[in-house]
Structures are given as C-alpha cells and as structure tokens.
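Shared between the two complexes below is chain A, which pairs with chain B and chain C, respectively.
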Partner chain A sequence: MSLAIATNNAATQRNWLEKLGPGHIILGTALVLYPLVASDFFLTQIGGYSLIFGMLGLSLMLLAGYGGMVSLAQITVAGISAYAIAILGNNNSNVLGFGWPWWLAVPFAVVAAALASALIGWISVRTEGIYTIMITLAIATATYYFAQQNYAIFNGHSGYAGIRAPVFWGVNWRDARPFYYLCLGLSVLSYAGVLYGSRSTFGMTLQAIRDNPRRMRALGYHVTAHKVFAWLLAGVIAGLAGVLLVWFNGRVSPGTIGVDAAIDVLIIAVIGGLRHPIGPFLGALVVVLMQTFAIDIVGAERFNTLIGLVFLVIVFVSPDGILGLWGRIKPHLAQESLRPGP
Partner chain B sequence: MSLLDRPSQTLSSGGMTLRQAWGVAGLLAAAVLTWLVFAVWPEWLNAILISKKAFVSAILNGITLAGLYFLVASGFTLIFGLMRNVNLAHGSLYLLGAYIGYEVTNRTGYWLLGVAAGFAVLAIVGVVMQVFVFRRLEGDDLRQTLVSIGISIVAADLMLAVWAGGTYQITTPEWLDGALTLPVITAVRSNGVSVFLTYPLYRVVVLAAAIVIGVGLWLMLHKTRVGMMIRAGVDDRAMLQASGVNVHAVFAIVFAVGAGLAGFAGVVGGSALSVAPGEDVRYLLASLVVVIVGGMGSITGAAIGALLIGLAEQIGLVYFPTYGIVLTFVIMVVTLAIRPQGIMGKAR
Partner chain C sequence: MRMHRRTLLALAVFTGLTAPSMALAADDTIKIGLLATFEGPFTVLGEDGERGAMTAVAEMNGTVAGKKIEIVKGSSDASPDSAVRAARKLVEQDGVKVLVGPLSGDEGIAVKDYAKTQPNVTFINGTSAAQDTTLRNPAENFFRFSTDGAQWMAGLGTYAFKDKGYKKVATVAEDYSFPYTQVFGFMAEFCKAGGHVPSKSWVPIGNKDFSSVIAAIPEGVDAIYVALGGADAVNFLTQYQQSGGTAPLIGGSITVDQTVLTSKGKLKEVLKGTPSAGPTADTNDAPAWKAFVEAYKKQPGAFPSPSLFAHGYYVDMKATLLGLDKVGGDVSDGGKKLREALSSLSFDTPTGKVSLDKNRNAIADIFLTEVTEGSDGNLLNKLVKVVPQVNQTLGIPEDEFMKLGAVNRDNPSCP
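Right after this comes the complex of A and B.
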C-alpha cells in the first residue's frame, strides 16, 4: 500500500464514512471499546447475551419489518442449530456427539437451521397475515414438546450438556473478551447484512410484497419464493445466534426453545421496534438489563409480571417500540434547540 | 359448456362420481371401525395393534379428549371468526377457570357449583377483556395479538403467585365416579367367559357434555337472532354494523361465551386430568392446531379438528410414544398444504 493510493482514495474514503453516518461510527467505537471499561460479568452476561438475543430479534425483525410475517419460531430455529452443535460436536451427555471439529459442525448447524427456517416459512406463507403468528407458535410449541419427549435425537428433558466453545489461534473463545468480540463481530455482520439487504433489489421486492402481495403477483413476481428466501436468510441469522447461545450456555435443553423463550424474542423485537434493524438490539439490551437488575426490585418471583406489563405498555403507547418513542420525541427536541435562548 | 361437461358425464356413466366414491370409502371405513370395535380379535391383529383393549381405549380416550379440545377451541374459533382477534390468552382462560373451579369445589363441596363458577367468572373476565382492552385496538389484529400475549404472560405469572407450582385435582362427585361396562368384548378367557371393556363414567359424561354444548352452540348460531348476527358479523362486519346492529354488544356476547366455555372446559378438564402451571400452553397449542386444521370461525370445523387431533394424540401415545406429537404436526402441515384455510374454513 503506497501513500499515493491512500491519498487518491481519500475522497471515496470520506464518502464511505459519510455513508456510514455519525451514529454508526460512535456506536461502533463505543462497542469496540466497551471491554476496556466493563467487567467480565458485564461483558458476557450483559454484552454478549444482549447481542445474541439481539441477533434473534433481528431475524424476527427481518421477517416482520420487511416481510410482514411475525414469527414466533425464531428460537426454534436457533434451537435447531444449538442442538446440531451438541449432536455433531462433543457433549458429555453420552448421547450421540459425533465429535466433529467446530469448523465442520458450525456450517452444518447454520445450514440446518436455515433449511428448517425455510421449511417453517414454506408452511406458514401458505396463509397470510395473522395466521403466520398462530402457525409459527404451533410449530414452536410442537417442537418444544417433541424435544421434551424424544430421547433418541433430543435426549429428552435433560437435553445436552458440556458443550464447549472451540479453542483455536491460541484463544479460548468462551473467555469473556474473545466471546464478546465474537458476538459483536457476528452481530455487526448480520446487522450490516440486513441493512444492506433491505436496500437491495431483493429487499425492495420483499417490502413491496409486504405492502401489496396481489399487485406484486400481478406484476409477475414469485411472491412465495421471495418470502421463503427471506425465511432462509432469517434462518441463517437465527442459526448463528443459536451457535453462540449454545457456546454461551454450554448446554441446550427443551427449556431453551420453550414457549417462554419464543415469546421473549418477540418481546425483545417489539420493545425495541420493528422498523429498523437496530431496534431488536436495543430491545435485547433493555430486556437483559431488566432481567439482570429488576430482580433486585421486584424479586425473581414476579419478574414475568413486570416484563409482561412493560410489554403491554409499549404495545399500547408506542406500536413501534423504543424506536417509535424516539421518533416521536426527536422532533420536539429539535424544536426546543431551535428556539432562541433567553 | 356442453363440450366441457362431456368428460365428467362419461366418467359418471362408466362408474360413479367422485362424491359417491368418497361415500363408499367412508362407509367402508366405518364398517372396518365397527368390526374392529365389536368383533373378537384374531391373534394376528392383536400382535399388530398390541391388544384390543389398548386400541379401543386409545380410540375412546381420543374421542373424549376431542370433546375437551372442542370445548376450548370453539370459543377460540368464535372469537377469531367474528372479531379477527387471535386471543393467545385463551389457554390462560382455561387454566384460570380450572383454578377457580378447584377453589369453589373445594370450599363448597359442590362440584356443579365449581363448574358454574368456572363458566360465570371467566365469562365476566372475557367481557372485561373485550371492553377494556381489545375494543381499544379494534381493527389492528397484530396489536391485539401482541396484547393477548402480554396478558397471558402476566396471567401465568400471577396464577403461579397465587396457586404456586403444585398440581391440583378437582374432586368429582360420587355419582360421577365409577366405571361403565361397555358392550365391547376385549378378550375371551380360556373358560369361555367374555371380558368386557370398562370405561370411566366421568369421561363419557365429558364427551356427552361436549356434544350437548356443541349442538347447543350450533342451534344458537343457526336458529337465534343473536346467532344470526354473529354469523353475519363473521361474513361482513362492516355491513352488519351498517344495518344498525350494535356490534359491540355482539362482540361482548361472543367473548363472554368463548371465555366462559374455556373456563368451563378448565373445570371439566381439571377434574378428568389435573391442574398445573403449563397446562395453559398445552391447551393453547391444542386450540391453535384444532382451529388451524378445522378452519377459522367454524364450529363444525372445530369439532372435526378436535376429533382429528384428539385421536391422533391418543393413538400416537399408544403406538409411537416419543413421536406422538409429530403425528399432530403432520396433520397440521398436510391440512395447510392441501387446504390452507382449514377443512371447513372459507377462503377469504
């Protein structure tokens, strides 16, 4: 790299930075520098966990925000990749465990999750609107009961334990700092992918299908194929989140993919807002912070009541979640600052 | 047109129409089933289907479970059909009804009072939910669904706070205990004495109650003025409103009946099985699948769906224990693939 090329590229460089926007740059810098100030607990239990659930919420946001398909089966998709990691890799439950290396198991798990997601999508796009939420809830619940009853594949009620994150390049990726950066890297990748994808031809077509499927069909677009492909993409993101989740917990059981968890993902996405890919990450941070610290206020017993009430208030007050609240407050703030000072 | 008609004419003159073929197939299936239930089984059949007792019990359990599922799902399907409201708190209504039935039965000692309380309290809860929550979000079905999810979370947590995590059993009165000897021979002993199948009386009563309520609902929907309004509302809500009908009153009635039936089913089901946290999700899933399979907004569809799912669940339990849920799932997927709107659902 010579200096000349660097200066020649300066114009495009600035252009690229401008495209990124100051918000993204500040946020990105803060997230990269976060480990300098945060303890291990804040790095993984808050940071890593929020990012994982943010990715799950993002996969739902992709479907709901751009495709108009509200799914309750995202945790099921993540669970499939988590179970795949446990079955293909190593676990200490003495059931299955093929002992594949991580670089073979992870792609398989993610592909399995994506295919499962596409299948769920194919089943549910046969109907429209509110039916999707019912069918995906039925699928999520049925999978949960199946995982609980079946011992041959899912090892029943106890599931799999003793799943370790890989160690390579001399780094144990389950250590606080590497794990945080791993989560951050994959989150940024998914986030950027969704943001870019939403402006691509496919993203535009998907949004047009959301707004008027009949017209798009009349224009000659294959509506079902576009929707199913969106499910496939959402499945990739949820699958990656599932891999991180199983490395984070070290175990996976039917409780991981239960109805509570499925609803948690929906709550995260709705609290954050379904209009922009940053929403689910915001929602995940809020919910994880509440999960961690609200217990001190209301006690671990009644936590669900609190989160349920917060969810109800958000749905009633601001259908677009925190992002919607921000969008409503922002114009007022701008006006305040425009007023001449005293 | 006459040209187009010709192929079907030649078909029907050659043999029978598709409709007749279905009729014959149905009669054959009914005959086989009757033979399976009443005949004494040869050895080879016992070898395939475990035993006659297991088979007939699975069928009977399936049918009675279907009765219970029908009670829960009919309210769900009515509410959806009329208001486009996917009430995902329906399972919570079932569980709350069961707990209330348990408390009332336990304190007063009258089981029938518990059943009545389960229906009445939940009917009131349903009206309150409709008037204070869902009416505010009318026409926004996604938000209504989200709100019902929020309600179900809070309700499940509060019920856990009040009744803790234990399992309760509602005691049935003595006149419902005991078993019924059915005219079904399960085996013949070596000394030539036939062994008849016995079946709990209570379950037969549950099934009878479900049938009575199903017929009652059908009559209400098809023979009364309110039923006429409800059916009109299912077809075209705006037109019903324009005809001068107070749709909000109709909505409140439907919500009261639907939620009340869920509470009723809770008490009845809690007496046959048990009451515990997590049952709400189980019955929500059952209602969802029954309604997806049977078709939204159709009472007949709910009955057919409940029968299919109840039978699939019980037969699956006996013949492929750990894969039983897959059978339910397959029924749902096949229905969606062939008839996305459900067996009795209307295409919209």
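Right after this comes the complex of A and C.
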C-alpha cells in the first residue's frame, strides 16, 4: 500500500517537472541565482522594479489577453493599495498613519485594491473596445487629480513619505536581496496563478466570452459576473504590486499613479506581448532598462526620443511585442536543429 | 539541442543584465552627479540649470585638484519619486560620491530623505527651494548654497505695500512645497506691514485651464501675487489677459524669470512693471555678475540672461568644485573632509558673498527687481534694491521664526 503511494507520488512528481517544462526551470534557476552576480542596484532598481511593473503588466495582460478588456487603470489600483499601506501603516508626513502592523495592513490594502478594481470593472464592463480604454483612462486621470488635490486622505501633491518595508524573521525586507526575492516570489505566484487560471474552467469561460459574448450569454453564462471577477483577480495582482511599489519607493505621491505611469503599464504589456503571461515581465525588463540607461546612451536632451523609437521599432517589427518576435524566430531555430551537425 | 538554445538565451539575458555594472571609474577623474528636470513641465528650467552647472565646470577648465571632472546626468520629471529614482541610479549604479541637484521643491525634500540613507555621499542642492529641505529635520550630508523660496522674497512684501501701495492682494500659486515657501516669504512681510490676502488659489503643476482660478479671484484686489513656473506661468498670464483681467501683478521668483520673460506674444505688456524678488537681477551692474553672464552665454542654447536656475546650479556646482579643490579631490574617506570643507566654505558668487548657517543653508544677498523692456526689446528684471545677507529665518530670531509653523497651504494667513 505504502509502496503504491510512493510510486504514485514519484509519478506525480515527474509529472510536475514535465508540466513545468525546461524553459520554466531554466528561467526560474537563473532568476533565483541572479543575486549572486548582480550588484545591489541591478537587484532592486532593475530586477525588483521590473518584477513590480511586470506584475502590473500581468494584471493588464490578464484583462486584455484573456478578457479582451484593455485597462489604463491598473496603476490606479496599485496606487490604492500603496496609499492604503501609507495610511494604515506608518509614514512620516504627519498625516493619518494608523500604525497597523504589516500583516494587517497588507491584506487590507490588497483587498481594498481588489474591490476597487472590481468596482472599476463593474463600471467599465458595460463598454467595449476603445470605450473601455477611455473610461479606465478617465478613472485613472480623475483619481490622479483627486489625489493631487485632496489633503485629508491623500495629502495632496507631496503624498506620503517615510514608508518602510517591514522587518520580520530577522530580515529587513527592503534590503536588496530579501526585497528581490520578495518581488520574485510574488511575481512567480501571480504568474503561476494566471497560467493556471487561464486553463481553468473560469479562464476558458473568460476567453470564450472575449471571443463571443453573445453566444456565451445565450448559453446561459453570466457574462458580466465573469468579467467583473476577472477584474477582481487582476486587482489582487495589481494590489500586491502596489504594496511592493510603496515599499520600494518608500513613498507614494500622485506622480506615482499619474497618466504617464498608466501609459507605462500599457506600453509594458504591449511591448512584451499579450498572448502569454511571461510577456509583461519581458516588456517591463525592456522598458525599465531603457528608462534607466537611455540617458547614458544619448545624453539628457533626447533620451525620451530614443526610448520612443525603440518601442516603435519593436511594435513595428512585431505587432505581438517581444513574444511575437520569439514566435517568429522559433521556427527558424527549430529548423536549424533538424539539420545534421557538422 | 532544445536545452542548448534556451541556455544560450538565458546566458545572453544574464550577461546583458550584469555587464554594465562592471564599468569602473578611472582614478584620475572625479565623477559628479548632476540631477535636473530634463523631462516633464520643467524641462526648460532643467536645461538652463545644466547650463549654469556647466558654466562652473568650464570656469575650472573641466578639472579640479588635477583630476578631470566627469559629469553624469540624471533626469527627473519634477516628481519626488522620479528624483529619488534618478538619484539612486547616480549613486548606486554610476557610483558618484558627490551629487548636485535636484531642481524643484518636493524633489529636494525627497532627495534629502534619501541622503540620510547614503551617509558617505555628499549631496549639494541644485535650485530646490522648499524651506523644510534644510530648516526642519535636515540631513547631515545635504548642503544648500542657493537660498530658499522664502528668502528669495525678502523685501518684496514691504515694497508692494509701501512703495506700490497695494493693500489687498490675491495669490495664485502652484500646489507644492516651493510655492508655499514663496507665498510664506511674501506674506511674512506683507501681512506684517498691514496688508491683507483675502484669497489664495493653489493649482496643480501642469494645469492647462485656469478659468476657474481666474473666476475665483475676488473683485477689488489691488494686485495678484503669482508664483507659477515655466509653462504654467505663461498659460495663466495669457488666460488672465484674455479674460480681460487688469489687476497689476506681483511676481514670484520663477514667474518673471528669463524662462517666462523670453516667451513670445502679448504677454510683454502684461509683465512690464511687475515687481518681484529673487536671487538674481538681470541689470545687476556688478562686474562679477557681468562676467558670469558672459561665461554663461557661451553655453549652447543660452538665454539672453541666465535664469535663476542657471544661477542656482552655478552657485551650487561652484561651491562643490571649491570644496573638492580644498580637499584635493579626495572623497575616499566617505566625503567626510569634503563635508567639513563645505560647511565652512564662504565665497564670492556673481551675486555677492555666500556662506552657510548651522543647517547648511545659504545666507546670501537677495535682489528686489521690476520687469522692464531692455534696449534690445527683451524683457529684463531691473534691479531696484539689494537686500544684503538674508538668512533662512528672514532676520527673525530662530525660536520666534519656528513658532510661525511649517509652511503649507493655510499658513500663514491674513484675510
């Protein structure tokens, strides 16, 4: 009996490894070992920051790729959880700051973000295509200006400063390595969640709704509920990213959730590609690298032009983003491997 | 084969990520970070700041204590987040031990907070002029050789009340710490002299439509005090003129700066005769100022006269270089000697003597000015009066000054 279970276990284990695939294993190992070779700057400012924006892109990819709803309000959702952390936890701006411990503030912030996301979704599911973009842009802009001009809750233009990542288990989670692994852990969790969810019944239904909402409605599915639930899930991911973002910056202000940032998230998702959850992470890496180092390449006057040109070239060469590029190169490589060696 | 290909890809990504961090600075150069707004609504101001900083570098022929100066630039969009991100990149990636910047108020406060986490790096302000960057909770390694926004207003409130005869003034200013500081500096004197400020309008940076602000200005005010910068100032003034507004203006330091005075169109008529105060005056006759203007004009794209951003970045960069010169360019001790040298530094700038107080904030001359048309048709800030050696507490004893409270939207008030 016990033997049977053991073999059974081994079988599932093998199965798991196979399911994971060599690509994931190599990528995962590389990401886990990355801190061994990277400087602190590359760990947090490039690595951690890319993972955070990758998660934001992922939440958009979930909505746009599987649900056909392009949202510009993901940074707003992240901003809500970031502000919630600043308000519920400690800050040094002398406004609010209830001093809740992190294990209470974080779930609260993420739930608040998810609910806000669901609300945004509930408002915008009545629209389609470009109108969804417009309505989410309107929500993002309105939130930005509200945060900018409200002093009682959002503390206006200066926002909140002096927000510290928690210290527990003897680890300061804002130190380079712990913070990187924290970002990596949550990213992997979100990534795996989206990948698993996309193959679940709910994911399949959502994709079917994307392709033909009228038929799904006729079949008896509650289209609106499915869409709003997708917004809720995207809100959880964006909310987690928001918590990481506020710990990363140590501060949050309306500039964090401005229209520029909202468009950055869209660019990340588009550059990376919307067909697979890995796309936004690739996009985030490219965008963060460009935004950090373009100024070293062309100087202070024209670096935004260079960034724009690179994005233009990527989208021009491959409408599907970096994932699309990979999709085009792959068959060539596969053919290469079929040829006999020298 | 399949594995091999992916390994290659992973390797490529890997080396790409780590390689840039391997670049090392040569021993005979000294790296100085220059943080300014090269994007966003204050781009024009940031570019002029850079010109000022480069004027100081050119004055030293690009070397200090026998070492070549290497300027590494960082760009922000005037938001505190982007300023800290750019500062982090300069300090943690490019490895600068001395950083000059940033440009605007809230950025200054954010960079000061960041400075506390990098005790081995020396931060010298650019032109950020919020009061609390140095007055409350200062950082040991943050120096400001340019004065703050309240200091810049020295003499203006009294001048507006006594010489101009304005009794009731409405204020329109951007909604962040630097304009709060400017309004504070103006009102400190104006209210004390007996004036009243019945309404204060705060507008977000980058605001385009000022119609509601203009409508909210009360009837019967003698003048409007405007503390807006760059495009915001041009937009407000244009719309105010179009709406038929005729009240005379009082300018904040960056409102009637060269960045605004050089803008084209009918604005000229509106701006003529506007009193203002700030760290510079275009018609300053002092030989040191004239020499500075000539040196500044050699920079590409220079304005007819340096803006206060060019001046501020010049003064702070000059102080940095003088400090570095004193310690022989040696910052290997975590910049301790450099910071000691800077703390006791006192030197002559194009606008008079500058020294630091105990919070490492400058004590310097302030210029009361009025906008006039120059002989070549360009608008200039004509020097009216020099207010000598203004300190951060505006000549008020420190304990009394601290009792006035931190500057914000509601403080001070005299309706």
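Methods note: the second predicted complex is superposed on the first by the 328 of 342 C-alpha atoms of A that agree within 3 Å, B and C clash if a C-alpha of one lies under 4 Å from a C-alpha of the other, contacts with A are read in each partner's own complex, and residues count from 1 in each chain.
By our rule, contacts are C-beta pairs under 8 Å (C-beta built on N, C-alpha and C of every residue); 3 or more make two chains touch, one makes a residue touch a chain.
Note that the structure is predicted; figures quoted are calculated from it, not measured.
If you put the two complexes together on chain A, you find that chain B and chain C bump into each other. In the superposition on chain A, A:304 makes contact with both chain B and chain C. Once the two complexes are overlaid on the shared chain, A:201 sits clear of chain B and of chain C alike. After overlaying the two complexes on the shared chain, residue contacts for A:34 are found with chain C alone; chain B is out of touch. In the superposition on chain A, A:22 contacts chain C only, with no contact to chain B.
Shared-chain residue A:142: touches chain B; no touch with chain C. Of the two partner chains, chain B is the only one that A:315 touches; chain C does not reach it.
In the overlay built on the shared chain, the residue A:123 is in contact with chain B alone; chain C does not reach it. When both complexes are overlaid on chain A, the residue A:151 reaches chain B and chain C alike. Using the contact criterion defined above for the overlaid structures, shared-chain residue A:133 touches chain B, although it does not reach chain C. In the three-chain superposition, chain C clashes with chain B only at 271-279, the remaining stretches of 19-27, 181-189, 271-279 or 325-333 being clear. Chain A uses residues 145, 149, 151, 301, 303-304 to touch chain B in one structure and chain C in the other.
Taken in their complex, chain A has these residues touching chain B: 70, 123, 126-127, 129-131, 133-135, 137-139, 141-142, 145-146, 149-152, 259, 263, 266, 270, 301-305, 307-309, 311-312, 315-316, 319. Of all residues in chain B, only 84, 86, 88, 136, 140-143, 145-147, 149-151, 153-154, 156-158, 161, 281, 284-285, 288-289, 291-292, 321-326, 328-329, 332-333, 336-337, 340-341 touch chain A in the complex they form. On chain A, the positions that touch chain C within their shared complex are 22-23, 26-27, 30, 34, 37-42, 45-47, 145, 148-149, 151, 156-159, 161-162, 249-253, 255-256, 258, 260, 292-293, 295-296, 299-301, 303-304, 333, 337.
Note for the complex: chain C touches chain A at residues 1-3, 5-7, 10, 13-14, 17-18, 20-21, 36, 38-39, 47, 50, 72-75, 77, 79-82, 84-85, 88-89, 92-93, 106, 109-110, 113, 175-177, 204-205, 409.
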